[in-house]
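As structure tokens, here come the structures.
Consider the two complexes below, in which chain A is the common component and chain B and chain C are the respective partners.
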Partner chain A sequence: MTDGTVATVDAIDAIAAVAPVLQIDDLHVEIRQSGRVTPILRGVNLSVSAGRIHALVGESGGGKSMVAKAATGLLPESAVTTRGRITLDGQDVTRWDEPRWRTLRGRTVSMVLQDPLTALNPVRRIGAQMADVLRLHQGLRGGAVEAENLRLLEQVQVRDPTQVLRQYPHQLSGGMRQRVVIAMAWACRPRLIICDEPTTALDVTVQKQVLRLIHKLAGEGQGVLMVTHDLGVVAKLCHSLSVIHGGRILESGSVPEVFAQPQHAYTRALLAATPRFDRPGHTLVPVDDGLIEQLDAEARAYDRSQGVLA
Partner chain B sequence: MTHPIGAIVPAPLLQVRGLGLSLPDMAKKPFFSAAPMKRILRDVHFTLEAGGTLGVIGESGSGKSTLARALTMLMPPQDGALLFQGRDVRRFDAADMVAYRTQVQLVFQDPMSALNPRRRVRDIVSQPLRALGRLAREDRDGARAAAQLLERVGLAAQLGGRYPHELSGGQRQRVGIARALALQPLALIADEVTSGLDVSAQARIVALLEELRRDNGLALVFISHDLSLVRSLCDQVLILRQGVVVEHGDAADIFANPRHAYTRELLDAIPLPEHDPGWLERESVV
Partner chain C sequence: MIERADIRLWQRLLRNPRVVVGGLVCLLMLVLAVGAPWIAPADPQAQDLIASFESPALFGTPADADPDAPRYWLGTDNLGRDVASRMVYGTRIALLVAVVAATLTALVGSLLGALAGFYGGRVDALISRLVDVWMSFPPVLLAIVLVSVIGTGLWSVIAAIVIVDWTRFCRVVRAETQAQKALDYVTSARMLGLSPLRILASEIFPNVAPLLITLITLEMGVAIVVEAILSFVGLSLASGTSTWGGMIGEGRLYVNQAPWLMVLPMLAMMAAVLGLNALGDGLRRELDPVVRR
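Right after this comes the complex of A and B.
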């Protein structure tokens, strides 16, 4: 790495140290449904700085999507935040109601979901859907909308953007659709973008292009929270990561450090379960049931210490 | 090597020679006439021995799922030959076809849509036996057969009472595999059975398939876009691109020394779980 790159990273770190775009402190969320209380986040701490890509890694059911939902104000109605704080771009948004969240979504925080086909309206043209975002959040009108649409699609490296704007989602390939969704999420230059498994449904070669794109856009100063179960994606794209299981962050650190020396047994287990074509005879080791039981027992013990009767 | 005249030469389990398949291209269909045909698979060759494992790799649109359907005759191929133990599958009569399909079973990518949401797991798993009247007389409801099948894929027999939506993704895929095993087939065709699963659930499915091969001599056609999984499971690899075989051969050989530029591009695009700052910007060396 050249000196220049190091200096830039240091500079970004210096800015980030002042104000992370997303800061989650000691977040406790539980689901209350038909008289039952189920804790789903147990004291989550996490911070995403401007210009950095932070990964939230874990298996399904571990709480990673719940963190993403909490950070966008999209928790289900049955979810209750019992303790802790979420700060978005300096504002405490912990107990905001839906009308207030609407002023933030798109402008301060936006989201890219796993399946672009469900994120897009199937019966409207791409251009019309992108125009909605620009009219609603940026107040653009007339020719300015069309021009901005084209600029956004060019930015996400869509070939022939004029044509794509006239098409419907089903006429595009998966990779193209995901680019459109990313362009829409980026439209208002939000401070934070939350990507929830954005490349899981894509082919490997297309995945690499989309990862490159996210990297490039983050380089322009936005913070990215990358929710994924793919440690390969984390290693190649992200600056830092948090490993989550049972709604608890088990390990956090920079990507070089954690991949060189994973501290928590669960992180090591996830790595051992990740297939590697470059190691002949490498046998996949599923995460040990005993380890999961131990983690679950720890989570229950934590609940008892917090006075939650599950 | 030549065999003496009159000797019984054991034929391979599956032989595919010059297989080709076309489907109507609905996007180009004129309003009043039939749609033009579009080639989905062209000149596919391979041989699968009993107990052997073939990995089929391809990206979306490569024709890999169509190949799975062609092999099970759900979409009969128009060209080439498909031989099962040396006999031409395309000439099988109805009875032979039933027998063939009991021997070569398909496991689907998305168990949520492949399993009937309104039936309990035990009924789903024992259905193939019920349909062919092969349930034991003292096991009319198939509960015992289901328990044995579930146990074989590492699921507790109690799960038999649940519905598919009450299971995790990994468990559902095991149910799909258990159902495919009900008729004691010689080969499984697994079409993207691990995509959509977590790494750990994925590792469990791979371990299960490996075990079935080792203990039961089950042959496997493992269709996937994940080269790393194919590497850990298969002896033979076939790489498909736009319906054409780009590279085919011994897995260890191809992974160590890919001959085709496309294979190299696929390998280079896989993010390995280790820190490598230059990877994103690096172009495939072609």
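Right after this comes the complex of A and C.
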């Protein structure tokens, strides 16, 4: 482990006192394209427990989405997992192929994408899209599909669900669309749900409703990995967090602990750059360029120590 | 209950002048093709050597004409066959070739294009190289060579069009499939555990379909022209059958004596191709899911 990494993954497990639904150990992933090797994950450790919301925080390009993709088997073909292990609901899925992943997706793990407009097929009715999952994984047919669709939409607090099922995505508002996406992700009660910036594309007022909804649904025992760059969301919604930069987890811990006493300089910088309602008058400080350079230098030094020629 | 969205689509289509004009041209062709035996004033093969090179009666009959003689609205050709009837029957062949050839071309081309676009990698490399090589042949020459090798006849013409033109569909469908595949809804569908074929058929296909409809319409125009070219060089049907291209080819010999023999079938062909292109263009504007939103 590199200097400055505070490994408290075990501590989080102790808090949750349950088996993790997602466990990532020392995950190294690199992109190999036209003879060039670019490391993107440099030893990621992460754990999400049932009934808990774990945040993965960091800026763009830090490897957040890559972790999400690795945990769902959706890494691009040019990505190679060189080291480490991914355990999903007790199964080692690190080197699974696409057909095996298909048996897990939707059933054991599912994902809520950032932009609900593009996450739904523009030319198919909401009802038809929702029905796919239910037919595939729960074997529902005919009237049962319709009934379950209605139940799911009611659960995510969609008004007038009968009407919505017959509509096309472009006829719904952003908030409604994201509710539909969430309903689809939750349809088969997967063990783990990955939310990839689920509120970034939404209006602020709608954001709050969607976050409340995720909180409510997570209360039913599923593990949620919340990929976000919004520390406000983390503070309100999540139980624990990991801070990622340059493909390395810099700090992990429970939300109250980390917010009260951030151990890593980068976490402190991120907190200082976030508006906080609990501290009025708190001046926002942009993340220091020197700190980023230092982190990048550490990442390069780590690559050299691993024998990777970047 | 019919959806509001569908009603709006029909209304929009009917308001678009291109769609309406193109649709009317197609409807006219369909009526002429289906109703040819009843619409054609005479048997297209019946010869009346006494009445050869009659000028179209539409432009007025000469004063010395026999009032009891049959009238040839669009004139007669060198063998005294009724041009109007031949053109009506020619519509039949034109439409048949257009519909069958365009459908088959679309089927072959888009199937390969969808596979290349969706699976990428080696499948894509193979199909794309094939398209590149294929497109380096001059298309009309390829068609002529093909038909002279596989023999003349309606089905040879259709086969030649499919073999020459599948690349058009392949390239467009490949690019569109690739573009659609990169969109989040495909990731979403994968994330829900749908199989690749399922995603291709029920997620991507509906998004590519509007484009395909447009392309098929345009391809119908191309097919009509290619059939005419092959008829013109005498590689389509036996000269006994009436085809627009064949009529143009025969009329060329008498262009100074009886220009209508060549001009009239050319006009028919132009109207058909223009109509189909207008329809295709109008449909593209109205059906494009991006423009529609």
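The rule we apply is simple: the second predicted complex is superposed on the first by the 283 of 310 C-alpha atoms of A that agree within 3 Å, B and C clash if a C-alpha of one lies under 4 Å from a C-alpha of the other, contacts with A are read in each partner's own complex, and residues count from 1 in each chain.
The criterion applied here is as follows: a contact is a pair of C-beta atoms (placed from the backbone, for glycine too) under 8 Å apart; a residue touches a chain by one contact, two chains touch by 3 or more.
Since the structure is predicted, the reported quantities are computational estimates derived from the model, not experimental observations.
Engineer: Put chain B and chain C onto chain A via the superposition and say whether they clash or fit.
Structural biologist: fit
Engineer: Given the touch rule stated above, what does A:205 touch, chain B (first), chain C (second), both, or neither?
Structural biologist: first
Engineer: Does chain B (first) or chain C (second) touch A:132, or do both, or does neither?
Structural biologist: A:132: touches chain C, not chain B.
Engineer: After superposition on the shared chain, which partner residues are touched by A:189: those of chain B (first), chain C (second), both, or neither?
Structural biologist: A:189: touches no partner chain.
Engineer: Return first, second, both or neither, reflecting whether A:83 touches chain B, chain C, both chains, or no partner chain.
Structural biologist: neither
Engineer: Which partner does A:268 contact after superposing on A: first (chain B), second (chain C), both, neither?
Structural biologist: A:268 sits against neither chain B nor chain C.
Engineer: Report for A:256: first if it touches chain B alone, second if chain C alone, otherwise both or neither.
Structural biologist: Only chain B; A:256 stays clear of chain C.
Engineer: A:102 contacts which: chain B (first), chain C (second), both, neither?
Structural biologist: A:102: touches chain C, not chain B.
Engineer: Report for A:300: first if it touches chain B alone, second if chain C alone, otherwise both or neither.
Structural biologist: neither
Engineer: Determine, under the contact definition given at the top, whether A:236 touches first (chain B), second (chain C), both, or neither.
Structural biologist: So A:236 only meets chain B here.
Engineer: By residue count, which of the two partners contacts chain A more extensively, chain B or chain C?
Structural biologist: B
Engineer: In the superposed model, how near does chain B get to chain C, counting Cα atoms only, in Å?
Structural biologist: 6
Engineer: List the residues of chain A that touch chain B in one complex and chain C in the other.
Structural biologist: On chain A, the chain B and chain C contacts do not overlap at all.
Engineer: Name, in rising order, each residue of chain C that touches chain A in their complex.
Structural biologist: For this pair, the touching residues of chain C are 3, 5, 121, 183-185, 187-195, 202-203, 206-207, 209, 289, 293.
Engineer: So in the complex, the part of chain A that touches chain C is made up of which residues?
Structural biologist: 72, 74, 77, 102-107, 110-111, 113-115, 118-124, 132-133, 136-137, 166, 168, 170-171, 181, 184-185
Engineer: Report the residues of chain B in contact with chain A in the complex, numbered from low to high.
Structural biologist: 59-60, 168-169, 196, 198-204, 206-207, 225-232, 252, 255-256, 265-267, 269-277, 279-281
Engineer: Tell me, which parts of chain A touch chain B in their complex?
Structural biologist: 1, 59-61, 173-174, 200, 203-208, 211-212, 215, 229-237, 255-256, 259-260, 269-271, 273-278, 280, 282-287
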